[in-house]
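Look at the two complexes coming up: chain A is in both, with chain B in one and chain C in the other.
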Partner chain A sequence: MVKVAYYPGCALKDRSSHLDASARDAAERLGFQLDELESWTCCGAVPPVSRERVMNLVASSRILKNTRDSGRDLLVTICDFCYNTLKRTNHRIRKDEITRRRINTYLAQEKPERDYIEETASPWTDYAGEVRVMHLMEYLRDVTGYDEMRKRLSRPLEGLKLAPYYGCVMLRPENEIGLDDPEDPSIIEGFIEALGARVVNYPYRTECCGSYLSVSDPDVSTRLSYKILSSAAGKGADAVILSCPLCFHNLDSRQEAISRVFPGFKPIPVFYFTQLLSLAMGGDRDRQGFSRHHVDVSGVVDSIFAEKERQ
Partner chain B sequence: MKRIGVFVCHCGINIASTVDVQKVAEEVGKMPGVVFATDYIYMCSDPGQALVREKIREENLDAVIVAACSPNLHESTFRTAAGEAGLNPWQLEIANIREQCSWVHSDREKATEKAIRIVKAMVEKTRLNESLDPISVPITRKALVIGGGIAGIQAALDIADAGYEVILVEKEPSIGGHMAQLSETFPTLDCSQCILTPKMVAVGKHGNIELMTYSTVEEISGYVGNFTVKIRRKAAYVDWSICTGCGQCTEVCPAKVPSSFDRNFSTHGAVYVPFPQAVPNKPVIDREHCIHFKTGKCGLCEKTCEIGAIRFDQEDQVFRREVGAVVVAAGYDTLPLSELKEYGAGRVPDVIDGLAFERLLSASGPTNGEIRRPSDGKVPKEVVFVQCAGSRDPERHKPYCSKICCMYTTKHALLYRHRVHDGQPYIFYIDIRTGGKGYEEFYHRAEEDEGIIYLRGKVAKIFRDGAETVVWGTDTLTGKNVEIRADLVVLATAVIPRKSTARLVRKLHIQAGPNGFLAEAHPKLRPVESINSGFYLAGAAQGPKDIPESVAQAGGAACKVISLFSRNRLEQDPAVAWVDEDLCGGCRICISVCPYDARKFDEEKGIAVVNEALCEGCGSCVAACACGATQQKNLTDVQIKNMITASLGGK
Partner chain C sequence: MSKTSLPPPENLPMRLTRDTVSEGFKKRVAELSGQNPDSCYQCGNCSSGCPLACEMNILPSRMMRLVQLGQEETVLESGTIWICASCFQCTVRCPRGIDIQSVMDALRQIALDLGTDHFGPDQVTPEQAATVPQPGLVSLYRKLST
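Up next, the complex of A and B:
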């Protein structure tokens, strides 16, 4: 089985462990293994909003350099924040020679672990952006291929109406990420169609969920999440599909608060794209971590299995 | 030894604040042969020039250095002054201590040292300068105007009225350009057709204008005063020399082709005249959509045409013409809606651009001037106008201001109110820019008396929701987000250069700026000239412009052409390349590197020769010549070596 270097990031080891588990399961069903990096650290998470221009890129640079030094030239990640941080760091390193030199100066000063030195006998080489950073969905689109996915479906999600949700950092800034057009993206739509489900078009798919305001000003997140979810539901969506753990938090666990503030709001299930992928590829419903969802997903999941039985 | 004079300019404080000009004069004055050196506050002023003239005579100078700004600015000024004082103009050189020294440095001491070396290098060069005589060449007194929009029309008429011949080349079947598509024009609301079509007719009838529509410039060679152009006239498949323009063929044609003139709101046949007032009023056959060309059948037009003007066997024709000057009035386009992903990427039917709205407003348009939206033909009651759609947006689109949109959007909203009395127009804007005569008053009238709601802010997103088009924007004056459920949205899309402009730039060897608009020789002082002599610019191909500005610039370009044509012969800089016949080995490398076709091989002598009229003195051949046979006058290898030595502080 093809092994693909994989950086999970913090959220996938804790709150969003069901994203990690379902992704690994789905990948193996598609014939590749998510091979977790050894002794990885935090990616830095907030460099995009920080004023410091070099120091905050060191953690993500270290991850990228270690990936290269372990002989891999491709790194897949799933969390949108990790993806954004790693990809933008790589972009800066590739484009900006001064940043590249400074970061490598920092990295060279770190005291490496002894066994690591012995393992890599080769002399120091500056990290120059050799690794390609890919979002798992990008890997599915560009390496696996949506057509190939469609061929391998063992449980097509026919009849299911899914609302794609992009959030903010998966696509922006366009010139550094380059995954898709941030104003008119299609990568999740293509994914939904590859699973055999129907795309629900609604205007809030690229609007903000409130992101970190969830911590400092949760009312804002509640209001924004309400708009997104009610718009999707209003257009007939059975569920919302996304990839970002923070978006998931805002759109799923905040629905209780939304129901309090906006009476009449009807909860709507939110899925990670990997969960639906795993199910469509024949995955076990018990391995998707549905118990961690605040909103009950059993109706939608039941319908997926019922649809299969009908066929 | 030559008696050399040095004049160091302060340029007010432009040079003097960074460079110790007295010290420069003092140091250079110590050089052998430098018999006079001084500084002065404004050397280019009348007293400054008088000083140079006076000292040439008094000190009996053989050569002069003016240490000042770039030679691009005042070389000719000072050379003329030197000539007046009896000195050969090519014995005067400029040492650039402004752009290349004071403007780019801040350390006074180092800048002064650098200025001294720059001047010393020019002294060394000038020691070996020869006295030259200008090269004189004849002029072909005929102009080529590229583009038949309002700018090209105006330039052609002005030149032709002055008594010179003009060839006007337009790639569409008719002249008129975008102005022919417009309804009414700001700020006076004259009907665009009414003020344009008489000029179009005048072009068609003018004895001095050869009108070549459906044609493009294929190639140009030569130099100012003496260009040769190849013009390709596309096959119209109609013999215009006998066609009476009766229009019978256009009526019988069964094909349906979307009209680009009507922004696809209507269709015409495969044989068509773009609009009723076209000049020339002769049809062309669109080969791509013609049933006869596709299937070999049909031929209805041929059967209908009693005089036999339909000619399916016609081919493209290439014409050769000699001209002395070229006016480039290639026009503009607008950013395609498909580029504006945030505004529906052109997929929302009731989101249209400004030119499309002009067609809806136009009395001769597809709806006869009734405002009806594209999706269902309903009269829209809520119309949102979005300014800066793609302009002033360096992150996603164009960084520049498209200039014409504030005014035409105001006009659109106002005309909409005049047609739909119970309709509500909204205008989203960043700033309202009304720099033009009568513009501010026009805007105030719209804002105060016409019930138009102006919202200061950008529109974030436009999408379709059922039959409505939803606009999300922000009103930065109240700090509130705004949602308008509109019946029709009109985007003031960015003005961009035509796609064909980039090709034209390459063919003509002229320059374009970073955004693709044609580059002028100087942004303030030479706005209608290209950097390449003999080429003049008019209209929006040089940058976004409204009608009055385009007409003014076209008149300016025409005046430049007329002034060129008023001379008997042209004088050119004689500092060109020459070949030492005794040294040339006949390898022909210089011929291959010359970008101006100025070198030919003389078969009889077996050497390369220079056409001095074509040579621009770029020096490519000098660098390429393996045996040192080619030298540039007044910039020989010896002069360059001496200049390098002086620059490095030697001697």
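Up next, the complex of A and C:
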């Protein structure tokens, strides 16, 4: 089985571990293994704004350098924040020589001791952005291929109407990310169709859910999440599908607060893309961590299984 | 959160004198953000696209104008810099190619460098600390505290 270097990131390793499990399961059903890096740290979640604060890029650079040093040139992640941070770090290292030199100066200082002792140790080489950072969704689109996914479906999500939600950091800033059109993306739409489900168009798919404001200004995040969810539901979506653990948290767990502030709001299930991928590829419903969702998803999941039985 | 707003209309036009314009401020913003605030021609695209605009006391396009005019105090005391969620919508839509989100980041950094955290770990409730995924907490600390 093909092994793909995999960076889970903090959230997927801890409080969103059920999403990590579904991703691993789905990947194996598609014929590749998400091979977790031997050692890794937090990527830092957001790159610093200025060149002066190069310190904030060291953690993400170290992750990338270790990936290269382990002989791999591709790193896959499934968290939008990690994807954004790793990809932008790489971009800066590639484009800005001063940043590259300064980061490597830091990294060289923490060269493990054994490298000096072992004769076989390879000589130091500056990290210059050799690793390619990919989102799992991007890997599925560009390496596995949506057509191939379609062929491997064992439980097509026929009849299911899904609203794609992109959020912010998966697409923007587009000159550094370059995954898709930041205003009119299609990668999640392609993914939904590859699973056999139907895409629901609605105007808020690239609007921010409030991100970290859900901690500092929860009411603001509640209002933003309401706009997104009610718009998707209003266009007839059975569920929302997304790819960021923070968006997942905001759009799923905020629904209780939304119902209090906006009477008449009807809760709508939220899925991580890996959960639906795993189910469509024949995965077990008990291994997706659905019990950890705030909004009950059993209606939608039941319909996926019922659809399969009817066929 | 501070609720400083623009001078009331009766005080406009603004008095721009050596005492009220901080020339060094615009330079510092440009240095940190790597953007030229003078590129902004006030089309308002950032403000109309901003999902948080209705929560802001000063709109993003007005913030740009205030930076051009060296209005350091008004800018750094506005709630706008703390309510911006860094979603890059403004950056994507700016016809002048200004990375406005980075300008906001620079403004936050200047405000934080003055020594006061806007939001620290002690303000996170135990429930939030136990449930919010790490990217939310880490990005919050990085954006809103030193």
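The rule is short, and it goes like this: the second predicted complex is superposed on the first by the 296 of 311 C-alpha atoms of A that agree within 3 Å, B and C clash if a C-alpha of one lies under 4 Å from a C-alpha of the other, contacts with A are read in each partner's own complex, and residues count from 1 in each chain.
Note that a contact is a pair of C-beta atoms (placed from the backbone, for glycine too) under 8 Å apart; a residue touches a chain by one contact, two chains touch by 3 or more.
Note that the structure is a prediction, hence the values are computed from the model and not measured.
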- request: After aligning the two structures on chain A, examine chain B and chain C and state clash or fit.
  value: clash
- request: Scan A:M55 for contacts with chain B and chain C and give back first, second, both or neither.
  value: neither
Message: Between chain B and chain C, whom does A:D184 touch in the aligned arrangement: first, second, both, or neither?
response: first
Query: Is A:C82 in contact with chain B, with chain C, with both, or with neither (first, second, both, neither)?
result: second
Message: So in the superposed three-chain picture, is A:P203 touching just chain B, just chain C, both, or none of them (first/second/both/neither)?
response: first
Query: Thinking of the overlay built on chain A, is A:S16 touched by chain B (first), by chain C (second), by both, or by neither?
result: second
Query: Regarding the shared-chain residue A:P245, is it in contact with chain B (first), chain C (second), both, or neither?
result: second
Message: If we overlay the two complexes on their shared chain A, which of chain B and chain C does A:Y212 touch? Say first, second, both or neither.
response: second
- prompt: Per the overlay, which chain contacts more chain A residues, chain B or chain C?
  reply: C
Query: Thinking of the overlay built on chain A, is A:I98 touched by chain B (first), by chain C (second), by both, or by neither?
result: neither
Query: Looking at chain C, which part out of 20-28, 92-100 or 128-136 clashes with chain B after superposition?
result: 92-100
Message: Taking the stated contact definition, name every residue in chain A that is touched by chain B in one complex and by chain C in the other, in rising order.
response: 173-174, 183
Query: In the complex formed with chain C, which residues of chain A make contact?
result: 9-11, 14-16, 42, 44-46, 48-53, 56, 79, 81-82, 167-169, 172-174, 182-183, 206-208, 210-217, 220, 224, 244-246, 248-249, 253
- line: Per the touch rule above, chain C residues touching chain A in the complex are 31-34, 51-52, 55, 82-83, 85-89, 91-93, 99, 101-102, 105-106, 109, 118-119, 123-124, 128, 131-140, 142-144
Message: Could you list, by residue number, the parts of chain B that touch chain A in their complex?
response: 341-342, 345, 395-396, 461, 463, 465, 470, 472
- request: Would you tell me which residues of chain A are touching chain B in their complex?
  value: 173-174, 181, 183-184, 203
